[in-house]
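Listed below are the structures to be examined.
Here subunit A shows up in two complexes: once beside subunit B, once beside subunit C.
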Partner chain A sequence: MSATTLRLGGWLSLPVRRRSVVVGGALAAGIVVIALLSLTLGRLGIAPADLMPAILGHSTGPDAIVFEVLRGPRLVVGIAAGAAFGVSGALFQTVTRNPLGSPDVIGLTSGASAGAAAFGLLWTGILPLPVGALVGALAAMALVWLGTGRGFSSPARMLLVGIGVSAMSLAFVQYAITRVGVEQATVLASFLNGSLASRTWGHAALIWVSVVVLLPCALLTTRRLQLMEMGDEQADALGARSAPARSWAVLIAIGLATAAVSVAGPVAFIALTAPQIARRLTRSAGPNLVLSALMGAFLLTLADLLTQQSPFAVQLPVGVLTAVIGGIYLGYLLVAQWKKGTV
Partner chain B sequence: MTSTATRTAAGLTPGRRPASQLALGLLVAAGILGVSCLLSLAVGTKYVPPVDVWNALVDPGNSYADTVIASRIPRTLLGLLVGAALAVAGGIMQGLTRNPLADPGLFGVNTGAAAAIVTAAALGWGGATSVWVALPGAFAAVVVVYLVGSGRGPAMPVRLVLAGVVVSALLTAYIQSVTLSLPAVFDAYRFWVIGSLAGRNPHLIVEVLPFIVVGLVLALALSGSLNALALGDDTALALGAHVGRTRLLGAVATTLLCAAATAAVGPISFVGLAVPHIVRSVTGADHRWLLPYCVVVGPALLLTADIVGRILVSPAELMVGVVTAFIGGPILVLAVRRMRASA
Partner chain C sequence: MEASAASKPAGRLAGLGLRLAYDRRVVVPDLSVEIPDGGFTIIVGPNACGKSTLLKALSRTLKPEAGTVLLEGAPIDSYRSKAVARQLAMLPQSPIAPESITVRDLVARGRYPHQGLLRQWSAADERAVTGALESTASMELADRYVAELSGGQRQRVWIAMVLAQQADLLLLDEPTTFLDIAHQYEVLELCSRLHAEGRTLVAVLHDLNQAARYATNLVVMKEGRIVAEGDPREVLTAALVEEVFGLPCVIIPDPEAGTPLVVPKVPA
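On to the complex of A and B.
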């Protein structure tokens, strides 16, 4: 296996494999291409020549509005939210040792939906839905923390309690949707699918700060998590104290997912698929955090580009499209795997 | 280690309750179910004392109370059928996939039925909640899941679950895009999707009855084979169990049960997931006891939820789908807290 080791002082050494670097570079390039396309395409697109001035804030007129208000924040939020979902999913899947682990399974995204629904139902128009989503996600996680009886250290318990919290949240959401008028219900349902429409630079700042703070923390847990893939006893014997490591990983994952959900709504499928796709592309074990982040950002911005530009899906929230992209890709992987006979 | 695991899986742990105790427990559960049936007929906007309920059942007259009770008979019967169907489907699904988190919706049954119903509503066919729309949709979804999940080899649990995730995601995206772009369909869908026993056409009972009966009989006949499956495919094969056949018939039974239940009352979350869990804490993992208990405990939970929904916001009603989630959620959390320290 062609791996070199990246060392930073005495406390960080990450083995870096060539295949991972190639995949990561391709994803980063893909994100840049999508970013350029999403700013330049369409009726309101900025002409390529005017792009640099618009980004640097030198342009006036329509281009400035397109960049500053319509497409810039949306793109920037999409990249960071996608990355946050990807990392969060990777952490959950590693910690729970379950390929279907994600912030959805422990009730985080449904809690966020319920929070948004409650704010939409109770305080119509006073507080924005994203605030509700933030409160809901945190409340759901508090419930899970209390419900397990031992915090975030036991994945099996978290999954089960999460299913309970999730079921209650979704029931509340469906109830809320039947209690409001059709118009308002449609707006609510749209947000509850996850949407990047009409974001602001404030959202962008929130999610970027979260990612910049939490991603390095997540990277610090990587080595222990890799050891824990061999089972707790082995990992403990090798010096990775698994119970606290797991709690930290879960806390970081929750922080990332909560930030992402509050700016983008519960876009569900990114957290589930991004780590899986990244893992299969690189053929490596471990949580693959950086690649999961890139893959998440790539998928979310791609889906958002398609929702913006597709003539069929103009009104649809991006969450619908991420489900299609994620679903098709997972299906393709599944078929490819059984053809090779490896699953 | 391995032998302990297999013995636990088969319910043959030394601490297993004797058959006489289990039979007694089943009787007690049946008694509780009887009480909940009686209460379901008695409780509502107009309360009828249980004695009068009994009299009205034994010797129906023309009094006002008799009419009230007659109006509550259909929803009680529906609750019985649907509760048993969902709980047993959940029990089989958890056995088939060897995953205690498996939910009958996992193979795409509910989303298949929902997608068919949404399509019918979008095309403007009347009576879109009828069984004859939901059943083909559910079966089509399961067949696709089974084909994608099987590939060329035998259908493995992991592959089936992943295939179920893929198909469900795509169908959900389809449902969301149809409902979000057609306000009229969305308006009908948001009330259907919550799941309610109230106001259903009594004719539905006759329509779904054969499917549920066939499904239940098939399920109970499979219970021994499901025990063998719990030992792992290789051991089950070595013991002479027909692994592939069991899985196929199990999928057929689950689909029949879930599709009929969903067609009758809309998707009711959580009964299928929570009831087998609750039951397992009494019976252990032996399906020959687990499934009969599910037949009794499922309707008891569903009817209790329905009764609670009638009391809570009287004179209005809370839909049973909302209540099951809010009853089942805390029960699941309590069950988790009682789990042994090892889990």
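On to the complex of A and C.
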């Protein structure tokens, strides 16, 4: 047996899979390593000996600026935004019972892009893109909710309407880009790829509060979501009341993805790939929320580290890299499973 | 004694004046049914006659537009949903096996109604899962992935999952569909054994001869109504089959089991 039971007195007993614990521990360690590297590497990197003082706010001079302004917020935002994307994707994939169900496909991310583009078009100069992203994402989800004719209760309709909303949003983005000035188009394009450059502690606070509040809510629905993987009818028969569980899960997923998109832009592929990779590494059925969170944080910070430090990707928006890394890894996993015949 | 027994349905599960519909399409206009305790009730009828719909209503996965389902004499929706699931288990027609799930984990999901948020696994859960795997002869499959199993094995595993629920009432929606004939009888024999062990079973089946062989109570439906119910030896007549299915036939005793055997006539 690969599962043991975590017991605490008579009131707590949770089944824990050893493989999940190992994968989770490895991912957490990986995130720590990435964090250290992203603070210390490069021309402006903080020397390892000066790292603790910088983090505690005791240092002055360049180290303080590097930590407080350039790299600290960026890293902290990256971890939480990655986790939020990962959990959001896991929730969407479970309620739609479709590996493609993710905020990318369902129209949320494109809606955020369209919102940002619209704000770029309307308020030239100030470009409050994150606010636009927030509004756009929520508007897109409202459209999907209305478009299905029965809210979020039908996974297939949700995906189809989502793809439609997504296409319309992207068309609008293209339109907006041709209408704004060259300079703005550049800023807009960088945001639209998803970027962690020049984040502030304000962004960090927003995304961390969202994750700290919404992740526990998501964890409370885990057991019912597991049963819903077997079909709503089976879940209902087991006493897991699928309809309210689905509504909660979708609302939490929208909340997390919207928060992530508004601080990091529509970063591609993290929400889609993190849960899939987590599931394949742990070889267990869904929704694997904690591991999806860790995997999302790991992927996003890794991609961001590469955009900061690797010679071939210098200063690319991180979204370009996540698309490449996520896409390649998912492709590799799918091919490996096709060969084994277990897709 | 007799008066009080007559005022309340004798069975633990009953439907009274049920009106069942999907969106606005009414499938069952007005139907009452009583499931005999300790019996093996099999519901038969032509396609779209509402037999699966009735099963869904009895398992409270479909809410009736009118009428009530009574469990232990009280309306089923007056219970907490987990409390219902501890008394009544239902296997839908095509349950979905989650990706990369092992047989043991799937069967363990049947324990949900017995678990709490913080107490998710107990010795009783372990025993129930082991017992369910043993009584469906699936112990040797426990650590395999569900996706790797054959159709017959998979159906056994799903039945093990509802057995792990340890409910006395088992509702099965077409448990033999998609199985070859040997595996169909394997599943029916398993059901029959569960019934002999004291559980109350309700199943929807397509094959009249199988239904006649295994049912202790046959419910024949047509267009949302119950046309006949009772012991299959008394209920299943050539006239009834012709009326309900429009199939001219003769009924002979099953040479093996002695139960009615439907033999369609050769068209003249």
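Just so we're on the same page, the second predicted complex is superposed on the first by the 331 of 343 C-alpha atoms of A that agree within 3 Å, B and C clash if a C-alpha of one lies under 4 Å from a C-alpha of the other, contacts with A are read in each partner's own complex, and residues count from 1 in each chain.
Operating definition for what follows: a contact is a pair of C-beta atoms (placed from the backbone, for glycine too) under 8 Å apart; a residue touches a chain by one contact, two chains touch by 3 or more.
The shown structure was predicted, so the numbers you read here are calculated from the model rather than taken from an experiment.
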item: Joint occupancy of subunit A by subunit B and subunit C, clash or fit; value: fit
item: Which of subunit B and subunit C A:R97 touches, first, second, both or neither; value: second
item: Partner chain(s) touched by A:F172 [first = subunit B, second = subunit C, both, neither]; value: first
item: Partner with the higher number of touched subunit A residues, subunit C or subunit B; value: B
item: First (subunit B), second (subunit C), both or neither touched by A:A237; value: second
item: Angle, in degrees and to the nearest 10, that opens at subunit A between the C-alpha centres of subunit B and subunit C; value: 80
item: Contacts of A:R223 with subunit B and subunit C, given as first, second, both or neither; value: second
item: First, second, both or neither for A:R19, with subunit B first and subunit C second; value: neither
item: Smallest separation of CA atoms, subunit C relative to subunit B, angstrom; value: 5
item: Those residues of subunit A which subunit B touches in one complex and subunit C touches in the other; value: none
item: Touching residues on subunit B, where the partner in the complex is subunit A; value: 101, 148-149, 151-153, 156, 158-159, 161-163, 165-167, 169-170, 172-173, 176-177, 179-181, 183, 186-187, 190-191, 193-194, 269-270, 273-274, 277, 318-319, 321-322, 324-326, 328-333, 335-337, 339, 343
item: Of subunit A, residues touching subunit B in the complex; value: 99-100, 147-149, 154, 156-157, 159-161, 163-165, 167-168, 170-172, 174-175, 177-178, 182, 185-186, 189-190, 193, 269, 272, 313, 315-317, 319-321, 323-324, 326-328, 330-331, 334-335, 338-339, 341, 343
item: Residue numbers on subunit C that touch subunit A, as the complex places them; value: 56, 59-61, 80-86, 89-92, 94-101, 104-105, 108-110, 112-113, 115, 117-122, 143, 145, 147-148, 165
item: Residue numbers on subunit A that touch subunit C, as the complex places them; value: 1, 5, 11-15, 97, 220, 223, 226-227, 229-231, 233-234, 236-241, 279-280, 283-286, 342
